[in-house]
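The following pair of complexes shares a single chain, chain A, combined with chain B in the former and chain C in the latter.
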Partner chain A sequence: MKLLVCVKQVPDSTVRVKVAGDQKAIVPEGVTWAISPYDEYAIELALEHKDANPGTTVGVITVGPPRARDALRQALAMGCDDATLVTGADVETLGGLATARALAKVVDEVTPDLVLCGKQASDDDQGFVGQALAETLGWPHVAIVTKFVASDGGTEIWKEVEGGHEVWKASGPAVLTVQKSQKDPRYPSLPGIMKAKKKEIPEKDLASLGADLGGPSVEIRAMEPPPARKAGRVMKDGDPKALAAELAKLLRDEARVL
Partner chain B sequence: MTTVTGEAAFDLSLTEEQQLVQRTARGFAAERLLPRAAEFDQKGEVPTEIVRELGSLGFMGINIPDEWGGSGLDMVTYVLALEEINRACASTGVIMSSHVSLVCDPLLRFGSPEQKSRFLRPLASGEQLGCFALSEPGAGSDAAAMRSSARRDGDGWVLNGTKNFITNGARADVALVFAQTDPAQKHRGIAAFIVERGTPGFSVGKLEHKLGIRGSDTAQLIFQDCRVPDAHLLGAADEGFKIALATLDGGRISIAAQAVGIARACLEDSVGYAKEREAFGQRIGDFQAIQWMIADMATGIDAARLLTWRAAAMKDRGERYGPDAAMAKLFASDVVMKAARDCIQIFGGYGYLTDFPAERHYRDAKITEIYEGTSEIMKLVIAEDMLGE
Partner chain C sequence: MTGMTAHDVEHADIRSAVGEICRGFGDPYWRAVDQAKRYPVEFVDALTKAGWLAALIPEEYGGSGLGVGEASVVLEEIQRQGGNAAACHAQMYVMGTLLRHGSEEQKRMYLPRIASGELRLQAFGVTEPTAGSETTRIQTMAVRHGDRYIVNGQKIWTSRFLQSDLMLLLARTTPYDELDDKTKGLSVFLVDIKVAGDAIEARPIDTMINHNTNELFIRDLAIPAQNLIGQEGMGFRYILDGWNAERILIGAECIGDARWFIERAVAYAKRRIVFGRAIGQNQGVALPLARAHANTEAADLMRWKAARLFDAGTSCGPEANMAKLLASEASWEAANVCLDTHGGFGFATEYDVERKFRETRLYTVAPINNNLVLAYVAQHVLGLPKSY
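Let's look at the complex of A and B:
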């Protein structure tokens, strides 16, 4: 089976992002970048399939600036077979639809059996590109996927639902958007890093793909940091009964949660 | 530090794979070690499963070539990884560095192809754990005063004696053991032997109770008429002391990296606390007294890290690096002692409690001034380089 995983490089979850002066972007200086967490789960799902089915190949692709090469290198070190970087001018402000259309061009070329994406990227949490990619390709899409297995000519796909899962079946190629699953994404092993170092990461020029990069798009009007959280209150001195009564009163009248 | 790739004459930037290893080590440390470091310390044990995980990721043979089961990375990358691991858990750090620097490294440098294939490969791939047994009850800094003996016996050797303070001693599969073949020859009579666990006459004695790095075991090893074949002699019979000293030169870089890692833990924890704790109506980080401690900490750490990287890069380039490794260890261990003291100070009374990590950093820091050569011995090495022939 030939799998293609689409990943996005985002600020690492431990980074404290700062809003830039124009209030339209974050300050890129000092940010450490990482593969978006759900995309890491998508990679893990693909690699698990490869572990169990040695004939499988796992490709990884990103549409992003040159620094996103690091994300691809990490995916290779985790065990992916090949990686492609699609980059070009204005790639950082590319909208979701244009990104999906660019990815679709590469999918047409690579002809994978399944495309895996994270269910959303952790920077803007839009949850858009995977679905838009399926739409552009004219492929079916299954969301919130935690597992898949090949089964007589198609793929059985586990989709998380409230309190359990549904099993869907795709008879041909499909786009899966992946949910966090029980098995955490593997760390790249050090020998894996050494192997990844030797691999070429071919670069494709965004403008030369022939994708329609126009079309409807969203524009960020303003960003602002969340308001500072008020400090918590500790109640510890005094008679436990009185404290409990006081706590109940505060929860009802001040916090209004009772 | 000049780069390992050697292109630019003065460039401190890291290569892509060095950064990737650093990130991997940081991720592993943050997720697998940091949440449990206090528990490892309290229980006095880093679980074997953690050491195994480090092995399967390639950390236990990080700078050993892949033909011998290692990951084939350089010394600079190794110290980057060690800093991250020690930042989370110094016990895990010394388990790894004793194994890598004090056992895998000398096997790589001095072992025969047969010895590398039989002993180094399972060690470097992390299937087995090693320990380095030089110190004795009566011979620490003056290691050549060792009493353990190796007597020639047919086509093998018979070992007798006691080693103490041996990191990983209780669970190692393989011990690198130094013994005197001829007391009249002093240090020229010392030989190094590879001894496997289970060899008749080799047993583990008492475990030490320690101030810090409590998750790493420190054991006594006892040899009573323990027979080892000639094939287990590392290097020539008169080369043991040379092997020990050369090995410790490399080990000192790893202890410097450990000190930098613990010091970074002190700094990061201090900064976090200084931003939150309030006194007299303001954050304590707004007091200049606290700011100065943090500025000193940050400066010391950077200087110590640079010395450590330089020594590592010199080793990678095949240059003579012994005195530079000694400087790195001497300086870094001094930096971490001060950082740990100030870290507790910044935490105030809470720093003194086991509920917070500051007191663990304080206890862990001290060992870096002692093992693999005390600070006094580091000065001896440096001064000899300055004043000697």
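Let's look at the complex of A and C:
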């Protein structure tokens, strides 16, 4: 089976982002970049399939600026077989639909059996590109996926639903958008890092793909950091009974939650 | 931390990958295993699975064939993130004796399984209660009977014995009095701990740190002759060969510790307000930190000098020894300064300073005492008479 995982490089979740002066973007300096967490789960799902089915190949692709090469290198170090970077001018302000159309051009070329995306990226939380990609390709799409297995003439796909899961079946190629699953994404291994170092990461020029990069897009009018939270209060010294009474009073009169 | 050296940048990929694993095992994890004196099995498993402990094993035997310099970055990073690599550092380097002096058959038999983590070779029985730093005086005796050696004796401070499948054992094969050259007459064996069974009784020693170490009582242990490493009687030479790598790796751990202490102390000194200002504004607080940093940087240079010589295949005894000496002193100095900076809070377990303080203290004493390092430098570098 040939799998293709689409990943996005986003600020690492431990980074405290700052809004730039024009309020249209974040300050890129000092940001540690990482693979978006749900995309890591998508990689893990693909690699688990490969572990169980040695004939499987896992490719990884990103549409992004040159620094996104690090995300691809990380995916290779985790065990992916090959990586492709789609980049070009204005790639950082590319909208979700244009990104999906660019990815679709590469999917046409690579012809994978399944495309996996994270269910949403942790920077804008739009949850849009995977679905848009399926629509562009004219492929079926299953969301919130936690597992898949090859079965007779297709793929069985586990989709999380409240309190359990549904099993869907795709008879041909499909796009899956992946949910966090029980198994955490693996760490890049040392042999993986050594191999990844030696691998070429081919680059495709965004403009030359022939994708329609126009059409509806989202414009960011302004960003602002959330208001600073007031410092919490710690109550620890004193008689527990009196503290509890004091706490109840504060919750009722000050916080007004009781 | 500012003041990154060229090497920090050079090995950024190793640092970030190891750092990612370490971040999954933060301060509360290390505090909990320390308090329970429990082996950090989850951390060791994660490192093993990702192949880091097989860094020094050549690719043809299933490892990654990195140099000692790169491997030292792995251990440094673990310490720098607040962890304790002592739980597993030996899995990285004890195999060196097998790699350099074992037969091709022995290497093919064991190294790939050590690389995969299936076999843990992280116990090294050298020190004895009555021999201490004077290794050539060990008494544990291995007597050849046909195709086996029968071993009797006692070891002390055999770390990670209970977390190992294999142990490297140094034992006497010729009585001391029969030797002209006292550095001969010792041999190295690979002991299969499961097969040994009751012939080795391990009694854990409770120490001031979470370090799984033991007294071993060896009674009529039969070791197949094919488990002798290299030639009989050459064991002391073989372990000397391994010591340089060990010194450099331990030195790097100390550098990682020192950087952790300084980083924590600096952050605290900026944050802690007494007399209406940050304590770091007082020179009495700031200057010891600056000195500890300078000494750490200097020790790090010696560590890299030694590592580069080692990886180039050049002899590096003086440099490796001096790296361990300077780095263990730098980390101990940094530990002291960090504790002073934290005042009373340094004693509270939740700050982790007292834990790291206890842990890093080991390295001026073991695996070799700094006095013995100085004695080595005095004799072998400066040409002074042998003092012992």
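By our rule, the second predicted complex is superposed on the first by the 255 of 258 C-alpha atoms of A that agree within 3 Å, B and C clash if a C-alpha of one lies under 4 Å from a C-alpha of the other, contacts with A are read in each partner's own complex, and residues count from 1 in each chain.
Note that in this section contacts are C-beta pairs under 8 Å (C-beta built on N, C-alpha and C of every residue); 3 or more make two chains touch, one makes a residue touch a chain.
As the structure is a prediction and not an experimental result, all values here were calculated from the model.
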**Prompt:** Fit or clash for chain B plus chain C once both are placed on chain A?
**Reply:** clash
**Request:** Applying the touch criterion given at the start, work out whether A:A77 contacts chain B, chain C, both or neither, answering first, second, both or neither.
**Result:** both
**Message:** Tell me the contact category for A:A89 with respect to chain B and chain C: first, second, both or neither.
**Reply:** neither
**Request:** Tell me which partner A:S189 touches in the superposition: chain B (first), chain C (second), both or neither.
**Result:** both
**Message:** Tell me which touches more residues of chain A here: chain C or chain B.
**Reply:** B
**Asked** After lining up the shared chain so the two structures overlap, which partner does A:V161 touch, if you call chain B first and chain C second: first, second, both or neither?
**Response** neither
**Fill in**
chain A residues contacting chain B in one complex and chain C in the other 77, 187-194, 197
**Request:** Could you please specify the touching residues of chain A with respect to chain B in the complex?
**Result:** 14, 32, 34, 70, 73-74, 77, 184, 187-194, 196-197
**Message:** Going by the contact rule set out above, which residues of chain C touch chain A in the complex?
**Reply:** 13-14, 17, 20-21, 46, 49-52, 54-55, 64, 66
**Touching residues (chain side chain B, partner chain A) in the complex** = 16-17, 19-21, 23-24, 27-28, 30-31, 56-59, 62, 66, 71-73
**In the complex with chain C, residue positions of chain A that touch it** = 77, 186-194, 197
